[in-house]
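Got a structure here, written out as structure tokens. Questions coming.
Letters are used for the chains, namely A, B, C, D and E, taken in the order the chains are written, and counting of residues starts over at 1 for each.
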């Protein structure tokens, strides 16, 4: 993420900045701990005049929100796609550069409903805030789309042995299984054991599982693994994407989806700044957010496959990709789905 | 003092925690096959000396800072504690130090490690049981539940298993009933006579110590203040008064009479 | 020992700060604490508050572990009890913050007593594990109970005093600092009475303490209660400070952090708890500073920060235990002695 | 629920439990000899997994060579740790040594993250992958292999202590180092051997655990479950580790199957609390002798 | 004097009646009965493992006997827990020194008074009124009565861990005295001491009895001291009372000699050893 932000700002600043203003970027590490993040926030904001802030965890985004509103001088985006944050009333000065977790589920379920109407779906998620986030709304969406959720399986955080959970999954015999709340483990073992048992279910994942290198690390289990991704992959060749070309020039080896997230976030933030300045307004949080929300059918240089709009705090767009074990790449399996 | 010395302690100084000096230039020797008694008041440094000899000081943050200790002619400084044991120097520590959650038999088994690397026949548990029949009765029981005397027997029994040439005995009579003290000391004398084991015996009960020993040292504040053959020591005025509790007339003084009267020792003044 | 201070009464000898130099230093320190918020940036104020909260909690743990000898890995869990209680009260009832803090601490103390009950039978590290069990159960409760907002936790309004809301490090400082000072002073007082002695006796040899007239269960539970009261209060302050409480706010690592703080500071001394908590809170900040400074030379410094911090945290614990088992407090004492006797060195 | 499901769940639980037992044994070995509650056992296990990955993927060795190497690496680590961190702590209170191991765990986790990164990784496949069916019931092959390996190793240790003086030396050293020295036991060696054996065992277990669930710098939490296992079994009992491991494996599997995954940890810890109230020294642990 | 002891005029302060105590299969005490007259020095002797320490532990409430009654100052101690017994004036020292190594000598002694102080948690936290008054009064009393009496002024601020064995025993005695004892139970007070130190301890014990009016019950293997200073001796063997009476009576008892005293003559021992050696 760090590298992505850095690179976009480099492109921007090398190109003369926004209306002659350069953007200064200050980074702090926080170890995903709320108090460390708050400390970093205080430190940075007491030393610099900040307009754009990128924070990490959901916890931090929630913690800092009142402070953000109080200051009213900046907008913030974060690594979290938590559903709760996608509420412009509660979090007026925040946004995320992609769909929230529930929207990701929505995209997946829509795809499923189209492929196999009335399919049986199972959710497998970790017992964390991250894992639980989209489960209840996801179920509602499934119902709307006339899909049956046959099983919801919770795994304790950090668990490695999932044999019993796989047994449960086999009993439920779903057509599609969606994993959420994990990066890698225990998905591979889950899939391997399920395949050994002769299950035919299609396995799917959400953003943080979907990086190419992560899926590759699933080994045999990766074959055919699907998931939702709002951005194009680094190597994605279909369609035109001048921005991706630029990235490929700057960095010759594969860049992760996290990099892209950082990159896109920086881009959207810069766009908000530009629009605010264009309107001749001061760079306050509310103005910046208004600038951001005025984005309609905006072309991200092809990073999102379609022009995007930001109606609220999120960018509810994504596409289903499927892992091809011969190409060792995620290949598109659907069109861009806009919610 | 005649005979070759199994143990020769020369001008030893010991310091604890790099600050507290406990032994200040102490010398003594234990001749082959004899029992030497070491007396002295609490804190004089008797146990410290024994630990210095068996190289166990380091465990308690103590160190020998001067002098030398030779066991059978070799300087012990370079030997690890267990190495010394395997060469035949066995330390029966103060307070018995048996392994409470092992059985009696396992305690003896533990002592067989002292035989490792030595050309000796297998350990002889029966010898121990013949000296201490009580241990045989309780050999399957946990040592922690033995009575004080039985634990002392076990501690000495472990020494026997190790077939040492020198035993350092630290207060074997501590907390023992009078009859047991007699028994244990009889056995100590028997072991010495029958197995030819030399001993350095630390004791508070001077009377019994003198009964088995041939030579004695008296320690105060980390230094030897008097020494000599036992028959000479028992005639010394101060030894009689402070260690044996004998009044001027030769009879034992009563504790009821001492009350507030106190005389200072000659060797301190 | 200070040379040349003659005590003429037992009262003087029993006083907490037994020399005029010490008292002068204390007054200076207090003045500095009052002046601090007016000169420091919000960042430093933020850190000061965080340190104070950690000092409060560490002092509580020190009473339990350092003085009573009952190892607990549940301090963070007790804090979470205080924090959640405060949050729930603030959101649902909007009662005054002092009352909320006290209720939170009281509830934590009650839970502490409950957790302490096995301590009569269960000893040493078995007990430490039992406290982990309690943390796990509390964590489970908080992350599945609708009252505590389940996995997503609670966000709460700030504390208010005379209509002013305390939502800035500057205003919070005036809430947190005095409370912490009172807590530390209370602990120091406690330790010079029969209760403190009973704690130490239990630590050193619990079975004989009983025969000397100290009811073991009652004092072990008292110790648990006071320590978790402290934790609860610290947790309440934490809640007002961050204004969001989630199940992940008080993980097991935090309990370890407090244990580490009292070890690094020096177990069984009040000063140790303070020094340790402050030190351990500031070290990560220091590392960040170093990393930022090193970035030009070594561009990946920031990325390496997280693992390095973990390593340093572990290394500090290990290093202190091996090289200075009596902690920072001992270093402080040595330094003091050195300056006293200077130029006559001992 | 149908019986087949119950049977399958039971099998899976016992399989997972065997790995707990194996790691538990590593834990008990150290405790038995040194009275050190080694909280870093989870991280040592993790390091075993990473060492395997390093040898197999990094140096491109065959997994069958990498496995013994990883175990040896565990042994070397044990030796180093004992030398550098534990021996200087001789004579300190158990709490202090316990904290040293917590520190050690933290250091190991940091080092792993520094070297291999924070992302979870997968070990190369090296175990046969034909599913095992017992009757109708399915058993994951890796779990079955883990079970067998654990059983063999634990059997070996049990035999070792049954038929040699080693057990006595271990217990004697643990009880009283000074006294152990004084009867001729080479105390430092007992310490070294215990740590080497234990860490090697843990590293081996780490490869098995990693093969099943993948490896990551947070894999150390496995140690937490193992802690429950040994506390339930009794800190100083190998048989206790065996029984405790299987029991916890089973309980976790049943809780996961019938209550849901989020209950696994809380159920085992609740069980632990109840058991400690009834048996403060675990199922097979020795009572401390307390006399006035 | 003989007559007075034959029919103890003083009423018993401690009465032990039919106590039995077993640990699993081990019968530590069987039907033990005896009385301790107020103001006396009573000694309990007997072989190792006879149950003397267990008896003390039972009296102080650490063990619960399976059968029998103990009454103290006329009141039954049944169901009274150890700390409460201490509060009523049953003070003791321990066979294996049980000082609190993390405290100074002064704090160890202060701890003895615990049961008689009233400071509660709140008082203590604020160190107001009662807490402060109590602490200061306690300090004064300990300094002036106990520390002075036992001649340990010079070590009052030392940590007990650094003291020699003899001094530690003295601090234990001081702590027991701080408990405001009515009866003082001493478990092997002179074990490990040489003649000179034993004499000091004997002097303290006699003074405690005479000047403080505290009844003494002690276990000791040093026959010289036991026979000289005690008024009354109870002999235990295998958990049973095998004899009791004045020192002189007990010394002459055949059963006691066989089970416990042995020849009692060091000269004889030495002669026998010499004879065997030849």
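For this structure, a couple of remarks:
Here is the rule we use: a residue touches a chain if its C-beta (ideal position, glycine included) is under 8 Å from a C-beta of that chain, and two chains touch if they have at least 3 such contacts.
Given the structure is predicted, the values throughout are model-derived calculations rather than measurements.
Shared contact partners of subunit B and subunit C comprise D, E.
Counting steps between touching chains, the shortest path from subunit A to subunit B takes 2.
Using the average of C-alpha coordinates as each chain's centre, B ends up farthest from subunit C. Farthest chain from subunit D (centres taken as the mean of C-alpha atoms): E. Chain pairs C-D and A-D differ in how many C-beta pairs they share in contact, with the greater number at C-D. Per-chain CA centroids place subunit A at a distance of 37 Å from subunit D. Centres computed as Cα averages put subunit A at a distance of 38 Å from subunit C. Note: centroid distance subunit B to subunit D, computed from Cα atoms, is 44 Å. Multi-chain contact residues, meaning those touching two or more other chains, occur in subunit C at positions 207-208, 211, 306, 309.
Each of residues 127 in subunit A touches at least two other chains. In subunit D, 262, 265, 288, 291-292 are the positions where the chain touches two or more neighbouring chains simultaneously.
For subunit D in complex with subunit C, the touching residues are 37, 85, 88-89, 92, 94-100, 102-114, 118, 217, 224, 227-228, 231, 235, 262-263, 265-266, 269-270, 272-273, 276-277, 280-282, 288, 290, 292. Contacts from subunit B toward subunit D in the complex involve residues 54, 56, 59-61, 80-82, 85-86, 90-93, 97-102, 106, 109-116, 142, 144-145, 158, 162.
Note for the complex: subunit D touches subunit A at residues 5, 8-9, 12-13, 15-16, 19, 119-122, 125, 129, 131, 138, 140-141, 143, 209, 212-214, 216, 218-219, 221-222, 252-253, 256-257, 260-262, 264-265. Every residue of subunit A that touches subunit D in the complex is listed here, in rising order: 127, 153-168, 170-171, 183-186, 188-189, 192-193, 196-197, 213-214, 217-220. The residues of subunit C lying in touch with subunit A in their complex are 41-43, 46-47, 50, 143, 150-153, 155, 158, 167, 169, 242-244, 246-249, 284-285, 288, 291-292, 302-303, 305-306, 309.
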